[in-house]
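Think of it as A, B, C, D, E and F in the order they're written, each chain with its own count starting at 1.
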Amino acid sequence: MPQIVSELNMAWVAVATVLVFLMQAGFMFLEIGFSRQKNAGTGVAKILMNLALCTIAWWAIGYGIAEGGGNDFFGDSGFFFHFNQTVAGEAVNGETAMLMLYGLAFCAVSLAIVWGTTLERIKFGAYVIYAIVFGAVIYPLVAHAVWGGGLLSDIGGKPVMDFAGSSVVHLTGAVGAFAALLLLGPRKGKYDTRGKPRVIPGHSMPLVGLGVIILWIGWFGFNGGSTFETAGNFFGEVMLNTQLAAAAGVIGASLAVYLKSRTLDVGMAGNGAIAGLVGITAPSGFVEYWAAPIIGLVAGVLVVYAVLAIDRLLDDPVGALSAHGLAGIWGTLSVGIFGSARLVSEGAAPGLWYAVFGNEPFSASLGQFAVQGLAVLFTFIVVFAISIATFALIKGTIGLRVDDEEEEAGLDISSHGMYGYPEQFIPQPEYSTGLPTTLGSGARAATPAAAPMTATEQ
Amino acid sequence: MKKIEAFIRHEAFEPIRAELLDRGFPSLSIIEAKGSGRQKGIIERYRGSTLTVNVRPKLKLEVVVEDKDKPLVVETILKHARTGEVGDGKVFVLPVEEAIRIRTGEDGEEVLQAHPEEGAPS
Amino acid sequence: MKKIEAFIRHEAFEPIRAELLDRGFPSLSIIEAKGSGRQKGIIERYRGSTLTVNVRPKLKLEVVVEDKDKPLVVETILKHARTGEVGDGKVFVLPVEEAIRIRTGEDGEEVLQAHPEEGAPS
Amino acid sequence: MPQIVSELNMAWVAVATVLVFLMQAGFMFLEIGFSRQKNAGTGVAKILMNLALCTIAWWAIGYGIAEGGGNDFFGDSGFFFHFNQTVAGEAVNGETAMLMLYGLAFCAVSLAIVWGTTLERIKFGAYVIYAIVFGAVIYPLVAHAVWGGGLLSDIGGKPVMDFAGSSVVHLTGAVGAFAALLLLGPRKGKYDTRGKPRVIPGHSMPLVGLGVIILWIGWFGFNGGSTFETAGNFFGEVMLNTQLAAAAGVIGASLAVYLKSRTLDVGMAGNGAIAGLVGITAPSGFVEYWAAPIIGLVAGVLVVYAVLAIDRLLDDPVGALSAHGLAGIWGTLSVGIFGSARLVSEGAAPGLWYAVFGNEPFSASLGQFAVQGLAVLFTFIVVFAISIATFALIKGTIGLRVDDEEEEAGLDISSHGMYGYPEQFIPQPEYSTGLPTTLGSGARAATPAAAPMTATEQ
Amino acid sequence: MKKIEAFIRHEAFEPIRAELLDRGFPSLSIIEAKGSGRQKGIIERYRGSTLTVNVRPKLKLEVVVEDKDKPLVVETILKHARTGEVGDGKVFVLPVEEAIRIRTGEDGEEVLQAHPEEGAPS
Amino acid sequence: MPQIVSELNMAWVAVATVLVFLMQAGFMFLEIGFSRQKNAGTGVAKILMNLALCTIAWWAIGYGIAEGGGNDFFGDSGFFFHFNQTVAGEAVNGETAMLMLYGLAFCAVSLAIVWGTTLERIKFGAYVIYAIVFGAVIYPLVAHAVWGGGLLSDIGGKPVMDFAGSSVVHLTGAVGAFAALLLLGPRKGKYDTRGKPRVIPGHSMPLVGLGVIILWIGWFGFNGGSTFETAGNFFGEVMLNTQLAAAAGVIGASLAVYLKSRTLDVGMAGNGAIAGLVGITAPSGFVEYWAAPIIGLVAGVLVVYAVLAIDRLLDDPVGALSAHGLAGIWGTLSVGIFGSARLVSEGAAPGLWYAVFGNEPFSASLGQFAVQGLAVLFTFIVVFAISIATFALIKGTIGLRVDDEEEEAGLDISSHGMYGYPEQFIPQPEYSTGLPTTLGSGARAATPAAAPMTATEQ
């Protein structure tokens, strides 16, 4: 392949990488917008810390496990990624670096999804520990199985088809979120004395909107870049599928929530877009344009009912379990339904649709559908097992959840020492950054003993 | 008539409101306040430095009632607002000379009276 | 001296302020409040579920006036604050023992008096 | 053309497409920032719903009308865009898909402009209906006329020159906005008893700023991508023109507003940037660098006076009529003034400037100027006619405007069931997501009868 | 007992709070208010047009004290709140019939008394 | 070089240009978030005006001085950049235009850094004047010296190595900020009667977070695009270094601040990311992957201690002196420590590390380190001299700082006539955009005499 082709491919991947990293801002604002004001600042510190730790973990270990050749279960080269190294038999060069960075961006997205269920009550330390385990082990194992030539890349000759990661990235994140939630429990006041769920509205729909649009935009890099090349301008087809499904997701969710509550819920419209995008992630490179809106529409309707159903039992403020978990499963399976003969990976069979309405062999399609199901199962088991263990460990050691007083006061003041919107909670600086006397007590207060929540009588 | 002013914790409001409603006192007002008292201020940290905020957010409850209803309302407030910790706040009672319902223009104690149908929990 | 406290709808404030100013009462204060009364709470919907907010935003108007000016001020408030719908609010009158103008330290009723040039619309 | 060239071209168009889609966030925040807090959330739902419906309408019908060859008035192929289809005689492939998606991004921008005049009082249903008509018919007709080989692509041998859409996209949106406004009327309280306009400030200048910068950034894709190729790095020239005009627009508007009111209005500085960008949209590929700042400066000054003049009669909260309408007209005409011989389309004549100060034949330049004027006229008539009809239909059926109580309460609570900044309007969750009693009434309240505005006595 | 209500500038609060604390009055409340008086409104400009806001942000200070402490507290407020410019605000004194400390339920003047350890600057 | 290669290179630079322009939004939100609500709107007007003036100044003069060949000190061609012009002996074409625009984006970033120290008290006029001087002279002189074939491109045979501008861009901005601060002084109330610093918290951590992520994303274009080409996919290596250092910066700063104050400060985590990015800017193209996290970590720790130390003497609300100044110096010097033999520019020597732990000649490495130090010194002297002179001139003429009343009231109302969050400060429009009487006075008030701060008795 002439050098220029590789360079064009990598330039495209570079663009996609930037777009996928941008999604971090999307998740940040989705979470901040769906949190109360007293928990608005912690989301910033969290996203930065997560991205940071995940980056180092991926560079040191994760990348090697995911892409480092090796066996069915994990790669064995590429650790502490550096020059003069061979990864899966190839010498490291600019192209390898670019692809390694692109892989990291995906890992970071998957991790960001995890925290959606944990808002407003988790200990900051939990992010730190889990982020490292996730970036070094959890995500890499799944990525290796499907994309790294591992177990799922060949099941009885049939490969799992997950173009950009409905299950590898999104389901993985959602399962981590599920494990965390089980050990964490709901926010104070989420369920009343009779166990009925109560509404705890987030504080800013505009920020939620910012998050959703950023995610939507980033997805063009997420799916479009997963071609890894520009050959045949195939990325154009992938991007169009992505847009069609996202649109249908918005429509589906808006309709569903309107029918249920007679109002057009802003957050649900956003969840619908995300569900549509998550749904099309796996099939974006394998289905025809007409199938994309169908996949998105189903995902959009699904997310509304799922959010309402789950809310009865589990406290998932941003709807991560529904939008990333269930929509991720649907997306993975939908490849087995709508996969088009001209697009499916070699060895794979077209979707059931073509068997039922076309003349593709039914058995083969069913087999492929089963294989897609296997990917879901595998992802769930592996991720859940390691995640629940990790969170249990955290719970048993440093603790997983802040105490009631801290939760009541909000994570901003209790974990970060300052509210996310300082002036909305404290008197104006004009009269708070006071006189010598104030400073004096300020100084005294610096001792742990006088932490906000433990302020003692004078 | 008396005006009952209470500085309470935010958490205490909903139970007070609900019980007052049950007892036939649907009418009240709340105002966001900040206060200092025996309870110490909040210590904040910003960019590595420390800052003390000397007032804490409180909720000010205002209810105007007939003289005879005052004890009942005060007792209801005390019941739900007390945690035993510093910062529970205080209740003050002030005299009111006149009360007028704007909608009807009618004045006097009756404008404070609970209306039969208001007895039921809303 | 009397303190007039009125809980009104936000929309009613500007006309009240303007007329009081014309009549020579430029001095008043307002405070954001929330209240419940006969008027029902707001029903909100969020992510498909329902939530009732039991208090509605109101505006609290506070004006301290000489005894003789009380009727005029109350009447002005009633005039503009009345829509006839529930939620119009109430007016309360409390006694005031002392009033001091901080700027000058002077106290007594005269600090409440309208200053000639304040008679004109501002 | 070697495959790699097509791939590089499409990779560039892909980048531009993403940038143009990003502009949706720009419009969203421009509108949210210029709205009051009680109407902050609806902008999110609107932008999502619009983009969604416009996408489906464009895919099913609009694209075919715009780009599907056909006659002078509309295309006749490419409906329900799919594989194994020929559009305007060419078989659908990755490149077609990419260009189709790029076209959609433009259509969505044009639609987003429409709503600037309708803030804080329009019924949500109106968005739904108009978005479909707009994406399926209105924008495609104009795009076909100018860019799809239609009527305006050859007027007596002279083509209309609108490089990236000062009239096709921006004027079209503004005319739709004008039609909507005529039938909608001003916001309650915008004009006093004597018809004097009152100021109704938006609620967040930082969000306005976010919107402006995002739009500015997106414009590099909007104009730069309209080269559809990388040949000769011409996109570099286009992007530089774009930047120069935007800069001059800010300067022009800031100066103008400062001279008028002695303060440097934040919103006007933003409008100036947008006006400069709208102004340069048509000429960006046809004029020399020195002309760009002139075009932008004029647009910037124009927008300030236009906003103030229009405000006396029409309630246009974001200044869409001025920044997109008048600036769009100015931009389209400016090609007839500054069009450079080395750059103008074949068959077209250079601008009047070169006839007056150079030795280009005056008549030809005047003819070209007239042709540019025709484009403005055509766009206005077509868009206005269909739009006014559509909005009249909406008004006559489901209604175009919310009732007074709903407008007073704000669209967030009345159309979406929740405020955009819940905690700023409702008591804190701690005491609002209350006790059993509350829940009870909450449940009761779920019946339409108990909608917020119709809350009955107890 | 007396309730002292003062409308002051925000800047004046911290010195008042600090001195009251030193003098053994740690307990007070503040509320955000807006007011109009002799001081003119704020002129704002938006998109080239002009808008007058007729009320200015003020801070309302509320302190309930024993009768004997009233002069001292009022004087402290005047001392720090006076700039001599219009807009300094006013102080009003209202009668209070009853005061109850929620935490303990005890009532009467003693609940207002400064506690020894509260005498020291916090 | 075949045309297609140049086109691919420029397409990549175009992408990078857009990313670097996006950084303007990053700086805007960093500043807005760290300001109080009463100064939230001015940041928007400032960023727009700066970008605008800087653009025109660069087009007219700056670019020529920076890139126009010429002598050791300044270029002498390319002024009023236009077609049919030769710049440094080459005819202007699409490629030149693209690179000229990329250079502008860098200049604008450098300028944006300047204002971090001046928040909440500077006169708007100061922005106007300094922006022109900076874009026309200050930045161009430094850029010419290092990148334009000037003085620092060859010091005794050794070139200064500053890959993307740790000193050329970031230190330059920080030195300007330092000069401004010296003449401006601290905000009212920043230091108490005894000179002890007081905390003046900004008003929105979510906006700070938005700024940080945008900057992080933009940096991929900032460093990655500085390859100016795609050859060997080298941009991939640069981008990976960038990500590793940013991550380490977050970790370093978070650890440091946690150890100091026992809370995980949100703003400091953000400063850490920026410091890491600034630190890696110079070395990103010259060091191995393993060195990047080290460089970032040091920068991250450095920024925390620097912010606290500087706060004792100088009022730098966003920490620009630390994050851009000291981190910029560290980054420039770090090339002399970690520069890798396979990557350093020709004529340059590898870093001291390789002399100490490897067998590179020590003297040569030390020489290179000294050369890097010279760059810092040169940048400081040139920028400081011209900046202090300019600001002194401003102070002596129109004045540099608003008066106390205006500062107390906030720059939004005093310089821009309106608060940045109108509804949070003024009564709701319902009762403020009042009746005829109001309007009357409104009209009267329009006279300068009745400016907010000078409102007279009635």
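Convention: a contact is a pair of C-beta atoms (placed from the backbone, for glycine too) under 8 Å apart; a residue touches a chain by one contact, two chains touch by 3 or more.
Predicted model, so just to flag it, every value in this text is computed and none were measured.
Under the contact definition stated at the top, the chains bordering both chain A and chain E are B, C, D, F. Here E-F and A-D are compared, and the pair linked by more C-beta contacts is A-D.
Chain F has its Cα centroid 50 Å from the Cα centroid of chain C. With centres taken as mean Cα positions, chain E sits 19 Å from chain C. Counting partners per residue, chain D has 4, 8, 11, 15, 198-199, 201, 210, 261-263, 265, 408, 416-418, 422, 426-428, 430, 432-435, 438, 441, 446, 451, 457-458 as the residues that reach two or more other chains. Within chain E, contacts with two or more other chains are made by residues 11, 14, 17, 21, 26, 30-32, 34, 38, 40-41, 44-46, 50-51, 54-55, 86, 94-95, 118, 122.
Per the touch definition, chain C reaches chain E in the complex via residues 3, 14, 17, 21, 26-32, 62, 64, 94-103, 105, 111, 115, 118, 122. Of all the residues in chain A, the ones that touch chain F in their complex are 3-4, 6-8, 10-11, 14-15, 17-18, 21-22, 24-25, 28-29, 32, 40-45, 47-49, 51-53, 55-56, 59, 80-83, 93-101, 104, 124, 207, 210, 412, 415-418, 420-424, 426, 428-430, 433-436, 439, 446, 448. Per the touch definition, chain F reaches chain A in the complex via residues 4-5, 8, 11-12, 15, 19, 36-37, 189, 192-194, 196, 198-206, 208-210, 212-214, 216-217, 220-221, 224, 230-237, 239-240, 243-244, 246-251, 254, 261-266, 269-270, 272-273, 288-290, 293, 342, 408. For chain E in complex with chain C, the residues that touch the partner chain are 2, 6-8, 31-38, 40-41, 54-55, 58, 60, 74, 77-78, 81-95.
Interface residues of chain D, counted against chain E in their complex, comprise 197-199, 201, 257, 260-263, 265, 267-268, 304, 307-308, 311, 319.
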